[in-house]
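Encoded as structure tokens, the structure appears first; notes follow it.
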């Protein structure tokens, strides 16, 4: 049962709470909306407004890559694929014949960046990489025809000169058309599980086989 | 389906079976409720979960200890700091790793900010489920600032992967402390405005008060935790009851449902607990930002945590007060570099269990309010 | 990946110019056509026009009937088009206002301030596939939108736009409006039933319960201005009110203020607007009775829903807010401006246009009130909706009705009573408005914000 006071009080409570609510929505008409009008009406390009720690596309500076494969081992989903071969011309020199990062698979966790001894692999602030064909998101940092030699770290070196962060990825993104035809091959299967092998067993030899290629 | 309903609905009576989901605007993800209704009144609502199962626990057995950390983000993507912290804690407990003080403060700051962000989504979607759209956008607006702060801290806005076994990934960026304090000042004002805008709106109160009442003992029986349990008047917060990290150093209150406009444990109590908890989290962040200045800078991760971590055979349990209740990680290690078993206990999953018991007699609109007030997030239910 | 930002084909200034031209010219042209045609379709004027331009005797001319019927058909088409256009523009306006309330910007890409978005949306909806669910009752499913559309279009017959700008000044005007708006619920109920979807059925049943219940408080609240004016005719009700705010019905009788509130709430419920949007409650019923509709049929429902805002505003303005009355312009001024001839003089047309402006402004004020309420309040539950109707609105409406009976007796003996009430109530309204403005300013300060109208 409802007393008369409650009945009348419900009118008053309703009026008071609506008064507050309506005055707040009204006051927002005179405040500045906080929408960021991505992509074309921002004071700066959005990638330049992002914080420096932003985890965007991965970038590898092949000039200072030691070929240590630490990033490959750290990656929990095995989206990094590295193959090392001996240089036929110079047996002492090792070449990175394959350094593929599948950015479509990558979950941008940043675990690969941490073990890198030289800072060769880094997250950039590039994030606009939509393509019509997902295979085009495999970034091949090593040209199979002209593989790059591994970088030898000098003793006591603390600083490694690196190409400006993001410039390499941006150059690749800008060179590619978004609707380019898909690459003919699939990225090869990873040779071993994502983490370092179980100590008891010998590490499996890297056999880049792919059942789908002829 | 028939197994879930248990009995076939007689064609001649006036009941009907309704599939409330999996694609429904107010199920907060892909959850299905098989609802028996008589007109607007529910006979029963049976949750049918599993649409978002990604076998995250199984993945934990096949990736390394470090490599599982980004996956824990996906357990509860609305509040990804908590599974991060829980998983880091369980491995540390098993390995006996001492976490530096500064890292603990950073964990407290990041998780409490994340709790605010998560509760903003929760109360925002709740107001939207009740039919008011504007408060939800206001909540999302404030969350955006928190996202910006966390992005500056760890580089991601949703799946943070910020905590590491033995510490955290990054120290505070330059100028971050001032920005955060400025935001918290603004946020305290926002909470007042939000209360005036919607919390004490008469229609809103009428929609929530005395709806889907969960008494305290029942909440305990069904294993509810977090704000859902405290909304029922049970004062249990892991940060107070079993403190971990640096929580003993902070002064904060644990808001408990008092039946402000009806019985203790109704939807409104659960709602108001969340709004008050945001204020408490804001207090904790302030204190942590003060205390962190005493800890040496840069000391954010325990030394000598192997990259290819091998854990002695054994088992451990960690319990974290997540935004959606208690989040527990149970880990069994067998001496190799991968876990033998990872098990997660989440608040949303237990919250789903009580819906069948509470639902009889509610109306269709009340079911929406109940789901929203339990703050379930689909990936946390299914993992 | 690499996309060079394309230069827009038009300069921003040109876009603003085009938007302004269309935004002003489109409704302006419709208003002008309504202005001319609703006055020119009257038989006497038609005859005079025929005599003047065709230079024949209308009584013997064979095409007189054709011309007069033709002009009525054209007027009907214009009014229908006006309904569609105003509904689209209301969508745009509501989206802009609601966005601003939510710290967003809203439509801002198609045209300046996104003004052409409603046209783009309409065109998109026309191109959508027209789906009919396999198990639906096909005939009813197809027919339902026409009921809704008919109920909406028929209201324009008796909606006043100005002093003599009304398609037909029926002597049962308001009664007619109440009855044709009820036709909408038939369409909604049909849509809910024929879709063969449980969500749609829920929506349809809720809508039926809601609209039928709220007809009663709405009808009772409508009785208050009817009693005060002593007529059912829309123009008659307006003529019974004065032009100044303290002469409006809403202020001259304390009960009418309450009746206005009851009427406003009941109108919200009948128009399925928040907080009474239960029939299409998005978070509960997916889209309610609209769940299975797509394409053009959906567009019709959408058009009616937003077009109804105009209808609601116009009815409220007519009944309570003094309609099209211009301060200081009485019926004798209109008569003097019209001149002696059968065809009105130019000054009369100017007065008509002015009265139209007054009416449109009042309608827009009420329309904005509805929009504002929608973006502030949550939705009520179905049992609370019934409680509100039967336990609160109906008794209150009865009280206002009885009070008005007594009030009219008193006013008949003591005419000053109505004037005093008008002044007091109007002063109270001004005070409340000022207090509200102060509260709004205080809100901005309390949030640590400041007035900033940028970022459109």
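By letter and in written order, the chains are A, B and C; residue numbering begins at 1 in each of them.
The rule is simple: a contact is a pair of C-beta atoms (placed from the backbone, for glycine too) under 8 Å apart; a residue touches a chain by one contact, two chains touch by 3 or more.
No experiment lies behind these values; they were computed from the predicted model shown.
Work out which chains are contact partners of both chain B and chain C.
Expected: A.
Which one chain sits nearest the middle, judging by mean Cα positions?
Looking at where each chain's C-alpha mean falls, the closest to the middle is B.
Compute the distance, rounded to whole Å, between the mean C-alpha positions of chain B and chain C.
Measuring from centre to centre gives 45 Å for this pair.
Where the centres are mean C-alpha positions, what is the separation of chain A from chain B, in Å?
One centre to the other, that is 27 Å.
Take the average of all CA coordinates in chain A, do the same for chain C, and state the distance between these two points in whole angstrom.
53
Could you say which residues in chain A touch two or more other chains, in rising order?
Within chain A, the residues that touch at least two other chains are 10, 18, 20-21, 24-25, 34.
If a residue has to touch 2 or more other chains to count, which residues of chain C qualify?
Residue numbers touching two or more other chains: 101-104, 375-377, 443, 447.
Can you list the residues of chain B that touch 2 or more other chains?
134, 141, 193, 197-198, 201, 203
For the complex, which residues does chain C have touching chain A?
Contacts found on chain C: 1-3, 5, 97, 99-105, 108, 372-373, 375-377, 392, 436, 439-441, 443-444, 447, 449-455.
Using the touch definition up top, name the residues of chain A that touch chain B in the complex.
10, 13-14, 17-18, 20-21, 24-25, 34, 50-55, 70, 73-76, 107-111, 114-115, 123, 193-196, 198-199
Chain C touches which residues of chain A in the complex?
10-11, 18-35, 37, 39-40, 128-131, 173-178
Considering only the defined contacts, which chain C positions touch chain B in the complex?
Residues of chain C touching chain B: 98, 101-104, 198, 202, 205, 274-275, 277-278, 281-286, 375-384, 443, 446-448.
Which part of chain B faces chain C closely enough to touch in the complex?
Residues of chain B touching chain C: 16, 18, 24-26, 39-40, 127-134, 137-138, 141, 185-186, 189-190, 192-193, 197-198, 201, 203-204, 206-207, 363-366, 368.
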